[in-house]
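Mind having a look at this structure? Questions to follow.
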Amino acid sequence: MSHTIRNQTKLLARVRRLKGQMEAIERALEAEQPCGDILNLVASVRGAVQGLTVELIEDHIREHVAGPGVETDRDRQQGAAELIEVVRRYLK
Amino acid sequence: MSHTIRNQTKLLARVRRLKGQMEAIERALEAEQPCGDILNLVASVRGAVQGLTVELIEDHIREHVAGPGVETDRDRQQGAAELIEVVRRYLK
Amino acid sequence: MSHTIRNQTKLLARVRRLKGQMEAIERALEAEQPCGDILNLVASVRGAVQGLTVELIEDHIREHVAGPGVETDRDRQQGAAELIEVVRRYLK
Amino acid sequence: MSHTIRNQTKLLARVRRLKGQMEAIERALEAEQPCGDILNLVASVRGAVQGLTVELIEDHIREHVAGPGVETDRDRQQGAAELIEVVRRYLK
């Protein structure tokens, strides 16, 4: 069972909170609030997305690359390849 | 009139698209999709949030710092101070 | 006189410190130190480069976009265009 | 033998190139070149530092977390813990 399934409740709570933050930006735009406020709300969303990303990558490392639950070396190599792809996407 | 008001329609469309992307992640988690798929969806959200940020900052520079609509030098200095705060928050 | 000239001494000090940090990485590699140490040294360089970037951007905003020293509106628009290009390069 | 030792020549070449880029910034500041040029040189350094980071992390994953050369599970867990620390440092 993958980490996105085992931690489903926790991840869903994070994602729903993020959706709530997007709705707050929507309301702030509709209410014509100052652009400084909008920029601050967007910066918070960015922080929350980074947090979600770090959590997913950590769980991925523990479950699909380093963990005792990785059954074959082939699975481990696939988990590592996916991880490297994500690192490249985020750091380049 | 501030840029977040003048460009309200365009910004609202972006924010609603982002909310739709969050809902796609929610559904993917509920459907227990592979974690690689979830990571890709989150990476797309991150790109969209960066895009929204760049748009807000550009509009802010044009409207509150450099534009012909800035009425007093005091307003310009305030716009610049807000901009510097955002740059620090994003690059440090 | 541009900010990179007026603040030359301060900026040169920062750049020379950064060069010193690169030399520390060079020595650590030659001395075959643990990869965790190398990664930490590189992370510090990254932080220092971000700090230098923020300083340059702040000086640029104050001098070429918002400051009282900007002589014509055409100069201001050019300063703003350069700034927007940098913001795009860093945030996309 | 660690990856920072095995790939020493390649990594040293990268680090020396980066030091050369720092020296170019030093010369540009001394020659009082336009601040737009300085900003572009610093942006290139940032790109090169990101590239070096990605290379170190990839090598670390292959050698200390996923690779066939990891001898004990304890070593693997330690490699994973170091990796997670780096991911947190870079993405938060």
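Things worth noting here:
Note that the chains take the letters A, B, C and D in the order they are written out, and that residue 1 is the start of every chain.
Note that in this section a contact is a pair of C-beta atoms (placed from the backbone, for glycine too) under 8 Å apart; a residue touches a chain by one contact, two chains touch by 3 or more.
On a predicted model such as this, the values are computed, not experimentally measured, just so you know.
Steps from chain B to chain D, taking the shortest chain of touch contacts, total 2. On a Cα centroid basis, the chain most remote from chain A in this structure is C.
If each chain is reduced to the centroid of its CA atoms, chain B and chain C end up 24 Å from each other. Note: centroid distance chain C to chain D, computed from Cα atoms, is 18 Å.
For the pair chain A and chain C, the distance between C-alpha centroids works out to 29 Å. Residues of chain D in contact with two or more other chains: 50, 53, 57, 90. Within the complex formed with chain D, the residues of chain A that make contact are 50-51, 53-54, 57-58, 61-62, 65-66, 68, 73, 76-77, 79-80, 83-84, 87-88, 90-92. Interface of chain A with chain B (complex): residues 2-5, 8, 11-12, 15-16, 18-19, 22-23, 25-26, 29-30, 32-36, 38-39, 42-43, 45-46, 49-50, 52-53, 56-57, 59-60, 63-64, 82, 86, 89-90.
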